[in-house]
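Next come two complexes, and both contain subunit A; in the first it sits with subunit B, in the second with subunit C.
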Partner chain A sequence: MGKRVAVVGFGQTIGRSSRKDVNGVEIINEAVVAALADAELTIDDIDAIVIGNMDHFEGINYVDSWSVEGSGGVMKPIFKVTTGGTTGSSVAMCAYYHAASGMFDRVLAIGWEKNSESDTTGAIITAFDPFWERPNIGGAIAGLAVEASKYMSNYGVTERDGARVAVRERLHALNNPYAHLHQEWMKGMEVDQLVELLVTSEQNQVLAYPLRMSDMCPRTDGAAAVVFASEDVAEKIAPIPAWVVATANRHDYVYLGDLNWDVNETLRDASRKVFEKAGIKEPLKEIDVCELYMPYSYAGLKWMENIGFCGPGEGPKLLWDGTTDMDGELPVNPSGGVMSYNAIGATALIRVGEAAIQVMRKAGTRQVQKDVNYALSTGFGGCSWADVMLLGKNKPA
Partner chain B sequence: MTNQEEKKQELLTVTSGEMYQPYNWSAGSRGSRFLTELKENKRLFGIKCPKCGRVYVPPRKVCGRCYVAMDELVPVSDEGEIVVCAIIEFGFVDPATGVQRPVPYGYIFVRLDGADTTLPHFCNSADPEKVKVGARVKAVFEDERKGTLMDIRHFELI
Partner chain C sequence: MEKVGIVGVGQTKYERKKEDTFAELVFEACTGALADAGVGIEDIDNVVTVSNDFWDGRTISSMAVMDAAGSWDKDISTVEGDGVFGAMYGMMRALSGSFDTTLVVAHVKGSEGNMNLITNAMFDPIFQRQLGIDATSSAALQARSYMEKTGATEEDFARVSVKNHGNGVNNPFAQIQKKISVDDVMKSRKISEPLKLFDCSPITDGAAAIVISNEKGMKRFKKDPVWILGAAHISDSYTLGYRDLTSSPALEAAVKKAYGMAGITDPLKELDVVELADVYSYMELLWYEGLGLAPKGKGADLIRSGATAMDGDLPVNPSGGLLCAHPVLVAGLARIIEATLQIRGEAGDRQVKGANKALAHGINGPCGQAHGVFVLGS
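This part shows the complex of A and B:
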């Protein structure tokens, strides 16, 4: 077993639909400066860097090389990690491995994207097979829409259930000054009233039935950085470090058509592995808060089941009884989640950072009002692979 | 230039222009055979794992779950069942043609009879009341076939 490792600092830019005032180097720099300030470190303290984005969104390759003036990577060990939607969580996992190896004490993880610089669907398609998938692919939203169709058919789930997830995420985002979507008009309205509006309003355009505009994440320009530190230095840097308790990732298919559409198997198995390593037997009771990579509303139902928070088909109950709201037993996505801020290469790293600040009690207006011993973060690449990282207040044994 | 002047500065972008970067991808021997059978005989087949018995469409050389080589080609039907589906309403450029596809259209994953995996394709209907999980469909072949997946024009509801 390697060294124990903790998150000791987190920085992110405010999410915007377009940041024409900065190029890639500069938006990366904003996040790194914020993370270093949060950890009260300077770039000289950083021993190694892991950076990631999805090259095909900006069409400029080798970010590890050309970003060094922004990332702080001049004359330092720096590696690029690109794994699709999970890029940010994979960057976090690799930074963790660096620090756990005992070879680097303070490791900077960076994720970023300027989604405004290309067509998201056009870019995502380049990750699919030219013979068997591209000729008729339905785009970035369609892969999620088809998953929703099966989940709804299996369990009699309705558009109202999906809308209730969207309402939770957007209401939570109102507490997060960094969120891209701040739907101020929702303030003061009842949850039922908002759900009704989302499923009936003609303005809420259907993109890929059963998914409407409100069911989807936005496209965001943004960047995030997280500082990982080994047990030799972590407690000197942060008053309450967020320890990495366990992490795992899983992949399971070649072509989309190979997927078992009934269950998100990669998320299920990566979660099981993490819980097994951590000794967690009842996730719903033992985990205190979650920052989950849920790019669309029905993920807030089905994937909760697949993680193991409830049984098959029980996602809607967990949602409607308020369990996952800010004041519930298991607050999910106090930040407003991916559906409120989605700079794709940064998105999964923001889940790790947001989970960490809940443990560190630095989440400000979005801090959950309860003790946080365990905070769970996930990454999703799609469809459908998974990274899972569990953070905790207590130093692992 | 002062900071004040910089704030008033127009923010510029540059477009990549009409980029064209052709690739030549390999279908492999199994993929080539599948596409040739489709083109010449309108016949579809999969490949069966000797260990778990799973029948994969399109055929490939290795069952990833068992990590064993597969050699047994098995015929599959041109009819099957919709496993998952969506009605696409947002328009985007078709990566194969460079042209925006007309919307709405049905996007379905079909489990052909005899197969365990599903094949993504278009449906001839965009009616959410008819394009549903569990609905039966049949392949409609192009008259002039070229050896691509689009030699199946779409699947029609039975």
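This part shows the complex of A and C:
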């Protein structure tokens, strides 16, 4: 029971801080056209659509209805899934379940955001309790700054460690033509030199200690679309489909004050569930490449531990010895990650799409130079919502 | 499609100004559904919540009801749309092989929002919003064009309202329990020409939850399930000017699929009861046609004939429908719950005798842009 499902196509728009040349429906259409072209399908081949974004960013209600003339949803099954930062991965999971249910063969997952039309942090603040949390810790940056401080205190981690993650992400982004941040000035400079610059430069403003501008993701205008196909058609569409090996999610908290700030428990538990389903025992050895939703630098340390790639406090070592660089044992975020392109409703879907193209060997200049049997993607969102999807080259048993 | 059914239902009383928080409403509905299913939260494999950030005035509105929905350490996701679409996703998850049982819960507090502003926000921000258009004024345009096209009259719309209000008296969950006459409707306050107060659904607070299980999961439950025989959802175009507002091709396409799955060829004869989205009275006539219960343009004839009254061949909205309680988003789940209770024979004073096959219906978007339907049976 239940069909096996694969990713067979991926399209994304170029990330920019402001796309004044297109409206929301048009940017959605750009991504849809690109994904269909990638899968060599037309919209007529699509059996159902799932779309997601954050209502309060653009201020548009019922986006699934509003966008059908761009998404291709006219006279098709379509609905909206929205879970905050995880929206894109939740949309991907929903498209997966559409196909796995046996009801639909080819399902289009769409995520988008025009952050240039939004007061992003203003909108994010309203995710939190109006009495207890909005006045003091709501929004994107405050909670992450608290998490980073706690992590630094627990393990003697320094700002240099955080900066090293930022350097990796931005260097990787230079290989990704779609990335929003292309920090060309970094080209040709040594990693140590770049880290030193980020932690000492007065231009690199502190937003909330220890987080500086360079530690945070940008706000991007962009859209992405991923085509999922059931086992009945996947191999006919793609030469190398990226099979969904396992997926799971956790969202266990309503209040930031209830979180265990030492461990990202939801990411840990969702990852464990996925590894258990997939039979993965040693994630670091068995997984070949990752596209992880890391919205800020310290996630590249602590959350690696929580996923299970290394032990508590060992994130900095994994980073500094180059394991997660493009030529390392486990390249993390060849695309440059969330810290280089963050169109919020699309962000977690781009993780799935980027992981898929590594399996499909269609990642171009950012393709990892090794066999990819397993690629891991994650989504992260409000009050520690964690989505995890493992993609693989081999059709699951 | 593998067999999948509904094994538990729960809903709050629908009221205008509830004091409960979103989480309290969700908890009440979920607790009710679990009790009805005769299981604990440990028997639920995953959860789908239904909410809308505009109605809740809160980004990631579903974040606030995670604990109330009992999804701790379980997979959870959120559909933003009518509950019928949440049920659709819940069903897919139960069919996917990853989970056997899904709890689907929807909540809304219409009384804490401003319907005009919230539904104005579903229209094009540059060209249309400034006109002040909202759910009601766009519906009025649709009602007017339906009258022009079919010759249906305001009295025909009033007949729908009279029927559903009459039914609502028998539903202890309904917000409005008041028998009215055609004259009462015709004399009620104008809201948006040609729609009057009793042609419009009320502002409502409430929550509803259902438990869906696949065949493998059924052994956890004592009661016989109500089976999902067919289910489908389809969206029409968005721009009102691109649509023929006097017909509902999306509903026609959705029921074609759902009836096909359920093996239904003559819905008027084969269905025993229908619960549909009568957000405004005229919509019921339009959906009659979309559902294939009346020929094109002849919806008014069906209400005039009395066929859809409680003592007719095919009672429509024995619960009183949305005209008697319209918890936005919750509405579609409430229709599924009502259909389930009818098939179980547990619908109390609103029971349709011998109901075996029922249809539940929900809509998304302006003027019924997208439709979702479930055909349920014993």
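Here are a few things to note about the model shown:
We adopt the following convention: the second predicted complex is superposed on the first by the 394 of 397 C-alpha atoms of A that agree within 3 Å, B and C clash if a C-alpha of one lies under 4 Å from a C-alpha of the other, contacts with A are read in each partner's own complex, and residues count from 1 in each chain.
Everything below uses one rule, namely that contacts are C-beta pairs under 8 Å (C-beta built on N, C-alpha and C of every residue); 3 or more make two chains touch, one makes a residue touch a chain.
The model shown is predicted, which means the values in this text are computed figures rather than measured ones.
Looking at the superposed arrangement, the partner reaching more residues of subunit A, out of subunit B and subunit C, is C. When the two structures are aligned on the shared chain, A:Val254 is found in touch with subunit B and with subunit C.
Shared-chain residue A:Ile78: touches subunit C; no touch with subunit B.
By the touch criterion defined above, A:Glu190 lies against neither subunit B nor subunit C after alignment on the C-alpha atoms of chain A. In the superposition on chain A, A:Glu202 makes contact with neither subunit B nor subunit C. Judged by the touch definition given at the top, the superposed model places A:Phe131 against subunit B, while subunit C stays out of reach.
Contacts of A:Ser90 after superposition on the shared chain: subunit C is touched, whereas subunit B is not.
By the touch criterion defined above, A:Gly59 lies against subunit B and subunit C together after alignment on the C-alpha atoms of chain A.
Counting contacts by the rule stated earlier, residues 59, 125, 130, 252-254 of subunit A appear in both its interface with subunit B and its interface with subunit C. Per the touch definition, subunit C reaches subunit A in the complex via residues 1-2, 23, 52-54, 57-60, 62-67, 71-81, 85, 88-89, 91-93, 95-98, 118-119, 121-122, 124-125, 214, 216, 232-239, 242, 249-250, 253, 364-366, 369-370. On the subunit B side of its complex with subunit A, the touching residues are 11-13, 16, 23, 25, 27, 31, 35, 56-58, 60, 64, 83-90, 92-93, 95-96, 104, 107-109, 117-122, 128, 132-134, 148-150. Touching subunit B in their complex are the following residues of subunit A: 20-21, 59, 119, 121-122, 125, 130-139, 141-142, 145-150, 153, 205-211, 252-259, 261. Interface residues of subunit A, counted against subunit C in their complex, comprise 1-3, 54-56, 59-62, 64-69, 73-84, 90, 93-94, 96-98, 100-103, 123-127, 129-130, 247-254, 269, 381-383, 385.
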